[in-house]
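Labels A, B and C are assigned to the chains in the order they are written; within every chain, residues are numbered from 1.
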């Protein structure tokens, strides 16, 4: 059953354009110039019940905008979307009780209060039955190992602990759909790993549908079977993680270990040398010429060990981004002032 | 399971959480309460000074020293209620819009205006409420007239109407930060507009005063806020004077109208926020 | 020297630009400042009408007629336009608290000089925008004024305005510097604001205060932020008293320049001593 259906979804907004210089600022007092930013330019996507889908893309590609559209925080300029059969931007309570959004860069817990108090507020707002509330709170806090921190003010928690509390707050009402916007941003490796394993476990247990955006390829590789790559507001890839490499990874990395410990000086004629660390070396070669390169090397030098690998995922994706090269338009760091669009 | 949360319970949770928070910063809490009270006493000093020089605020208006203190106490009571429940929230609302954190409020299955308006309760402002009550009792003891039971019942009702009118104005002003960006001047605006409510409406007379009084009675009804309840306590309701009845009736209508208008502005602001946000 | 002047000019220009960005704010803010004036006119109108009925004659309060009162309030608006420094002290205290102040240790810029220029830019833009509304209001209410004073008085008035700007700046800067010693200065700032509001003459002419209270308030420097320039214009102080007043005002300016410099010097030393 399709949980999320998106068709031709687009979102653009107007931004006040500030000009450099004194004279321009004075002119800006009287006449403002606006620029239209197209954050999302027509997205089609269907997500089935129980899928865990990753959104990848450079900053400003439209990932967060898409999540905000799906959670009804903003209204689209064009297109359709249905989540759990609801039109998100109608913001019906019946819909809002069934999903949750977690943003790694914003927090919703009361800063000066223990997380337990914020949870209780959630209980009231989502009207969770006390017994069910206590059960899910206890379950989630023990799964994430933060039970002992419940009565500590949120401001005294570490970033990782805070993120865990944010996740718990989002899951207390047992949503069917979960949107995660960079949930592991800024966390250390251990906290990242903990959150990943929690998410995997929880998703397997509850079979909920999750959309995740992240900059960490590790998150994606650990969690998602399906990947959607967005660049400049459009979907440019939609499929499995391994499919990315088959489709875009036009090159392979050949790792070599030489017996005599010396690296031949003319290795570069086979391909781009990306590592020279005697006795090991790595060269990057086009996938189609791998057999010739291998036979050439094996014939010419005494090699102790050889392996052929795909290039790292990060490298492939970085290449896709740069190839789909319209520079993302609204990557201006900070948007000075957003204005109403009519 | 019902579609809607219990608003009363949510409100109680807000109140409880705010109190827990205030108690963790007890020092600040006391300083806040103390400093806003000292502001009140300074103001009181100013009016004592004025009444050193004149027996009455405006010839024939009936606002002598203690009648005016009743008025002042009413102002205090109303303002402290507004500050306790809404001021911080309206302030934070502008901040939420600017930082984009309003997103979270929009996600919750609860009325967004309710959530935004009452999220935080500023218990320290109730200090002024107490000062207002004491001043009211003191001033009522000093004046000759003593209000009847009807007036004593109506007084709190009209105090609440005043709070509702001020709240409406405040939340509508805060909502405009969606369009205007930074809103420091909105708070100035708020201060200046409510400035008109701080004196008896009789002082606005003459060729300029009369239109001004009408504007701030009928268009932006801030003059009603304190005048209607305060007048109720210091003067008998004359069954022959139509204005003694018309103004209180109008005050009820103005309250409903203001609340409706603020709700409309709030809704428009949310729409704009949602179409502008990235 | 020239390079230094160029630096200062750049700072001034950038500050000007920054002030101009928020248009809606700007226009509203300027108009709004005159709104309390309206209530004041009616309040004192009511006070004097009550007094007239009681006394019958042409009433005065502490030597001010009704017209004098209105003229006085308008003039304090002018002095406040020079002496008020919104956000200066709290800004310095915040910079100290969050460590931004460190940048003045690293960059070759003098903090007080930078802030002064920023303030001047702020004020200049304000005067440009506010000149129109001010002129309009003064024209509309011209009948409340006793007429133009002589050139000497006007010159003294202008001098006291410029000094009230400097006094306001250095006084608030000094208070902001207290952030080096006390972590939480907001309550202190509130007390200052409270005193400033009531005892600078913004709320009422401070010579209205009876007995010892009046004498006390006249001794502290706050009166130079609002009351004194207005009193000069209205001829309330003249002759040797006026000259003496200007000297005392200058004395306070110098005092607070030195105080803020010293506070900055010792504050920074304390700060780097802590390893901030």
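Annotations for the structure displayed:
Everything below uses one rule, namely that a residue touches a chain if its C-beta (ideal position, glycine included) is under 8 Å from a C-beta of that chain, and two chains touch if they have at least 3 such contacts.
Computed from a prediction, not measured in an experiment: that's the story for all the values here.
Averaging Cα coordinates per chain and for the whole protein, the chain whose average falls nearest the overall one is B. Distance from the centre of subunit A peaks at C, each centre being the average of the chain's Cα atoms. For the pair subunit A and subunit C, the distance between C-alpha centroids works out to 52 Å.
Centre-to-centre separation of subunit B and subunit C, using mean CA positions: 30 Å. Centroids of subunit A and subunit B (each the mean of its C-alpha atoms) stand 46 Å apart.
Residue numbers of subunit B whose C-beta contacts span two or more other chains: 179, 181.
Residues of subunit B touching subunit A in their complex: 1-6, 9-10, 13-14, 16-17, 20-21, 24-25, 99-101, 103-104, 106-110, 115, 178-179, 181, 271-272, 274-278.
Residues 22, 24-25, 28-29, 32-33, 35-36, 38-39, 42-43, 45-54, 61-62, 187, 190-191, 194, 197-198, 203-204, 208-210 of subunit C are the ones that touch subunit B when the two sit in their complex. Against subunit B, the residues of subunit A that register as touching in their complex are 13-14, 37, 39, 64-65, 68, 71-75, 89, 91, 93-94, 96-97, 100-101, 103, 106, 108, 110, 112-113, 117-118, 120-121, 124-127, 129, 153, 330, 335, 337-341.
Those residues of subunit B lying in contact with subunit C across their complex are 31, 35, 38-39, 42, 45-46, 49-50, 52-61, 179-186, 188-189, 192-193, 195-196, 198-200, 202-206, 209, 212.
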